[in-house]
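Next, two complexes with subunit A in common: one pairs it with subunit B, the other with subunit C.
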Partner chain A sequence: MSNTLTQLTIAQARDGLSNGDFSATELTQSCMDTYGAARKLNIYITETPELALEQAAASDARRAKGEALGSMDGIPIAMKDLFCTDGIQSTAGSHILEGFVPQYESTISQNLKDAGSVMLGKSNMDEFAMGSATTTSYYGNTVNPWQAASGPDAGKDLAPGGSSGGSASAVAARMCLGATGTDTGGSIRQPASFTGIVGLKPTYGRCSRWGCVAFASSLDQAGPMTRTVRDAAIMLGAMAGHDVKDSTSTPIETPDFEAVIDQGVKGLRVGIPKEYTAEGMPEEITSLWQRGAGWLREAGAEIVDVSLPHTKYALPTYYIVAPAEASSNLARYDGVRYGLRVEGNSLDEMYMNTRAEGFGEEVQRRVLIGTYVLSAGYYDAYYLQAQKVRTRIAEDFTKVFEDVDVLLTPTAPSPAFTLDAKMDPVTMYLNDIFTVPASLAGLPGISVPAGLSQHGLPLGLQLIAKPYDELTMLRTAEVIERFAGFDLPVFSGREA
Partner chain B sequence: MSYRIVGETGEWEVVVGLEVHAQVTSESKLFSGASTEFGGEPNSHVSLVDAAMPGMLPVINEHCIEQAVRTGLGLKAKVNLYSVFARKNYFYADLPQGYQISQFEFPIIGAGTVILDMPDGTTRNIGIERLHLEQDAGKSMHDQDPRRTFVDLNRSGVALMEIVSDPDMRSPEEAGIYVRKIRSIVRYLGTCDGNMEQGSMRADVNVSVRKPGDTELRTRCEIKNVNSVRFIMHAIEVEAQRQVEVWESGGQVEQQTRLFDPVKGETRAMRSKEFAHDYRYFPDPDLLPVKFNQEYVDGIAATLPELPDEKKQRYMADYNLSAYDAEVLVVDRETGGYFETVLGRGDKGKTRDAKLAANWVISNLFGALKAESKTITQSPVSADQLGQLLDLISDNTISGKIAKTVFEEMIATGKEPADIVAEKGLKQITDTGAIEAAVDDVIANSPEQVAQYQGGNEKIAGWFVGQVMKATQGKANPGMVNKLLKEKLSG
Partner chain C sequence: MSLDRETVRRIAYLARIRVDEDRLDKIAGELDGILDWVEQLSEVDTDGVEPMTSVTELTSPHRVDVVTDGQCPDKVLANGFDTFDGFFTVPKVVE
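Then we have the complex of A and B:
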């Protein structure tokens, strides 16, 4: 029973629950059993089994009374540990927040709660969402359920990508039906590509940031990670919405995303930006990209070659803007009010001891970079210049979207790499090369699993749409999904 | 006339600029719904945002924006339709976010002017560089425990307006008048209560000195957080003196942040330039730029009360008051309102005698209030009652002198003036027969003085008046007494 239940998509489970084929409690239990058999993947920082069963029982009770809440009612999900959850430890993957139990619920997790979903636990992530492999977590790295079938990495443990690696692995390994992620420069889309699932970053402002631990405020955006495009549409519908507590959340209606996804791409103009290639990018990714374009053409879309000339500046721009904001956002972790405190002989010494011990290497690196680029004498050359370039990048998109409806690109320049891969920070940053431009422009993006690498690892294609046009993006993604016929394997449990 | 410090090398001029921090009158904080009430238990007015809990976001309190615009209009300043909140980054235990949300490059209010009324009747224009909104920090309490410091976040996030002047002031006195004028304006506007004792208004004082006639400014020092007009003036005095001594002894004044110690009457260095913070200002990505249109500003402008400068001009033009009297009466909205009620403005289209009303408010009422340590809103004598008292003088029911007795009784008891006059039988004697009898009596009993008067000593007439008044317990109409005495003594 349990194994078959976890195979279900959110849409299928919704129907099964509604038909009374099984209960939310059974569905939840089967997800927990699946994780129980594969603890080695290190999905959760905090598991919440009692809460999950309680929520599942409440869902069943609602349904029994004919008061089911909607598509997400009774659906077990994983919650990225960046979202603050009332009464449940919320760490952002950091030692400095170890033991921190918020007395408030983030808007996103509250929205999902209000929709009746069941929270299984707080999923692992790169510390403060800074990383592309979920290796910077203080709570150990998460393992990708995929393994290469051949090649030099065959049989080795792979990174799930990051920063939302716990959520990505959980969805791929069928330990939950969906998961929340957050995406600052690619933290939903890249791990989705690495684990063969769908990852959607909405338009900046679509989902509230309130109660979500801030990394880079002008970029952070929550989104769903699911096994199908339809599921992403369903889950996004439950997450999105204007929130007066977040001034950057857009006062805009949340459409019925699911309603349109079958509409196809006939008549759509799909842009192929020529700048989306990277040095050393495997040929298989380029050919997958071409294959994707072919599918869309076959489905009736018009494929148009376009140019986004400032693309090459996106990565350096991102690595100025994001650390700058982070250096300021992370100043509150000072040992004074909550979280870790390491005493010292003076206030300054306490700050230094606390932050030296509480923050990992990557976080410290970015705080340093961010502090540097905002410093007197460097501000104009770095931060201000980056803001100007950011505007140029956004203008590139605006211009291109006068001509096309949606853009198709690869999600990441490589498939998943091994956990022990030695990578200098800059090489690691290159993982985000195709995802950061849309982040900088605040545009919605989605990664859809589209095929396998020569060694049998999943590869995603990315679609980028106009602001608030997730509908067109989802329609197009559904076509890619349909043509790709991507088959997510059932992973055998890997016990601890 | 000008304020000068006389040093060994001659005279020095003082140059002062002020940054006044005025707490915005508002129920809740600048970016959270927590109360701004003064005097709560420590940490009782703290929201999740004020405590900088993870994931918390600021939301602009629109009322504070309106208050800043109102203040800008009151300062005759440019209102910027586009402004930006920026983060000022530094670490301190009572700054939970690790940054203060302030405005840097794009403040909500630009250049303006404040007119100072100098004691000699002249005016001085002081430039306002800008006004920006910012959050207050919390309070570190070092005196609660021998080893530890406690933090109270009640003030954390409270909205402040920082009003930055140009370096246009040239004496401690001007600085004092400037602060009082700013306080008067914000109180008129209802945008800040101006209570310096409660910390709702305080100033950072920038001081430098130079030789009279010099056009270049010398290095300045900033004296932080001075919280009374008296201290501001005193701090300028001692700091300027210190700088003169540094220059004259061949030294260099170093750009520093200093603290004023009112007990010792000196300023002390807090930190010098090389230890100055690099605040790493950048636009707060949690907040959108503040944008509004001219209609919004015009809407606020339409609700602005008459401000002290205009009121003063009106009092001088319409009521013929002296500049001094007018200035004293417009010091705050309540005093102006009181005075105008005493005048009976608009009442049956006729007003009472303005000069008389001004004198009574300024000399008698202010004196009595001062003696009782009361403010004008706590006055035991209402403006209506004082008006009635003036009527009793004007219609000759009582003399001005008796009126003072009645007024004292009013202050003491709060009774109506007419009742006091009736109860105490203070009604003026205007019956010619009764006064004549008293006059005759005094003349008959004072042959010596009569002889002196008739011998040419007219000054002694006053003595006769006094005697008659004494005989009538002050109730005789002084005009009639004078007239009768003159007739009888000359006759």
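Then we have the complex of A and C:
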């Protein structure tokens, strides 16, 4: 029983719970057992088994009284460790926040709690969400449950992508039914592609950022990571909503995302942006992209070639804007109010020692870059110019969405790489080449598992939609999912 | 352009991150690599283009100017490294 329960999607579990086929406690226990058999994946920074069982029991009690809360009631999830959780250590993957126990709950985790979901633990991530492989976490690497069947990487441990790598691996390995992620430049979508799951970044403003540790505030957005498109719709519904505590949260109604996903794509115009190719991108990704377009055409959509001429500038723009915002946001880690303190002979020295020891290499690099581009004499040449190019990038999308309803692109330029792959910073940044443009423009994007590489690793396709039009995006994603018939394998336990 | 050790030292001080002398060259090289790569933005024609500071076109929301939270000094101080009598403490700054 316990193994089969973790195979369920959120939608199936909702029905099973509602029919009384099993309890939330049984479902939660089976998720914990699945992780217990595969600890080598290093999913959680902090596990919360007592809380999970307590929440599951409360869910069962509600249901017994006929007071079940809705689709997420009793559903076990993993929470990215970027979300502050009241009374539970929240680290953002950083040494500088080791031992930090928030005295408040982030809006996203509160919303999910209010919906009755069960939190299994705080999942591992790149430090302050800066990374594309979950290899910059102070708490060790998370391992992707997938392994290459052939090729030079066969049998090696692979990266789950990042920064939401713990959440991605947990969902793929069926250790939870869904997980929260956050996406600043691709941190939900790229790991979803690397692990063969669905990852949805909503429109900027759809989900509250309150209580979520800030990386780049004009870009950060929370979203669901699940095994199906329907599950993403269900979970997003529980996460989204206007929040007065976040002044950038949009005061609009949250639609019933799940209600529309079977509506198909008949009559929709799907744009194929010609700029979405990368140097050295394997042919198999291009052909999968073409196959995806073919599926949508077969389902009644019209495929339109479009151009987003400033696409190639998106990544360098991002690597000015995001570090600039990060250098400002991370100024708060001063060794005084929370987290690590490393003493020095003066206040300045204490700050400098604390931040040198508390921040990892990649975080230091980005804070330094951000400080540089914001410093006197360089502000106009770098930061202001990047903000202007960002306008150009957003205008490209606005223009193209006058003609099409949704865009189809690859999610990432490669399948998962090995955990020990050596990359210089810029090469690592190129992972987000297809996800960053929509982030800069604040648009919703989703990665849907669509096929396998020649060596048997998952590949995702990305859909990008107009602001607040997650509904069209989800409908289209459902068609890709249906035609792809992607089969997430059941991974056997990989003990340490 | 290329960053010299002195510039890295200056940025590191602005960011309040201690960088040991033996790491200055390595960091200068890495930052140089990133700056060389972002340099391509200068080729984009941005004459008359407004800088994008926010993706939402909403005007900032207003609310009534009343206290909505607070009266919880213990919670505020709960994670402080060292606290005394309702305050955070820092190393002595005045001789």
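Side notes on the structure shown:
Assume the second predicted complex is superposed on the first by the 496 of 496 C-alpha atoms of A that agree within 3 Å, B and C clash if a C-alpha of one lies under 4 Å from a C-alpha of the other, contacts with A are read in each partner's own complex, and residues count from 1 in each chain.
Convention: contacts are C-beta pairs under 8 Å (C-beta built on N, C-alpha and C of every residue); 3 or more make two chains touch, one makes a residue touch a chain.
Keep in mind the model is a prediction, meaning the values are calculated, not measured.
Looking at the superposition, the partner that touches the larger set of subunit A residues, subunit B or subunit C, turns out to be C. When the two structures are aligned on the shared chain, A:347 is found in touch with subunit B and with subunit C. In the superposed pair of complexes, A:375 makes contact with subunit B and with subunit C alike. In the superposition on chain A, A:214 makes contact with subunit B only, while subunit C stays out of contact range. Judged by the touch definition given at the top, the superposed model places A:390 against subunit C, while subunit B stays out of reach.
In the superposition on chain A, contact of A:337 is made with both subunit B and subunit C. In the superposition on chain A, A:328 makes contact with subunit B only, not with subunit C. When the shared chain is aligned, no partner comes close enough to touch A:490: not subunit B, not subunit C. By the document's definition of touching, of the two partners only subunit C reaches A:319; subunit B does not. Within subunit A, the residues touched by subunit B in the first complex and by subunit C in the second are 100, 102-104, 218, 244, 247-248, 327, 331, 334, 336-338, 347-348, 351, 371, 375.
Taken together, the subunit A residues at the contact with subunit C in this complex read 99-104, 204-205, 218, 244, 247-248, 250-251, 310, 312-313, 316-317, 319-320, 327, 331, 334-339, 341, 343-353, 355-356, 359, 364-365, 367-369, 371-372, 375, 381-382, 384-392, 394, 424-426, 440-442.
Touching subunit A in their complex are the following residues of subunit C: 7-8, 11-19, 27, 30-31, 33-35, 37-38, 40-42, 44, 46, 49-56, 58, 60-61, 63, 72, 75-76, 78-82, 88-93. Partner subunit B is touched in their complex by these residues of subunit A: 83-84, 90, 92, 97, 100, 102-104, 106, 209-214, 216-218, 244-248, 324-325, 327-328, 330-332, 334, 336-338, 347-348, 351, 371, 374-376, 379, 383. Put simply, subunit B touches subunit A in their complex at residues 48, 51-60, 87, 89, 91-93, 96-99, 149, 151, 278, 280-282, 284-288.
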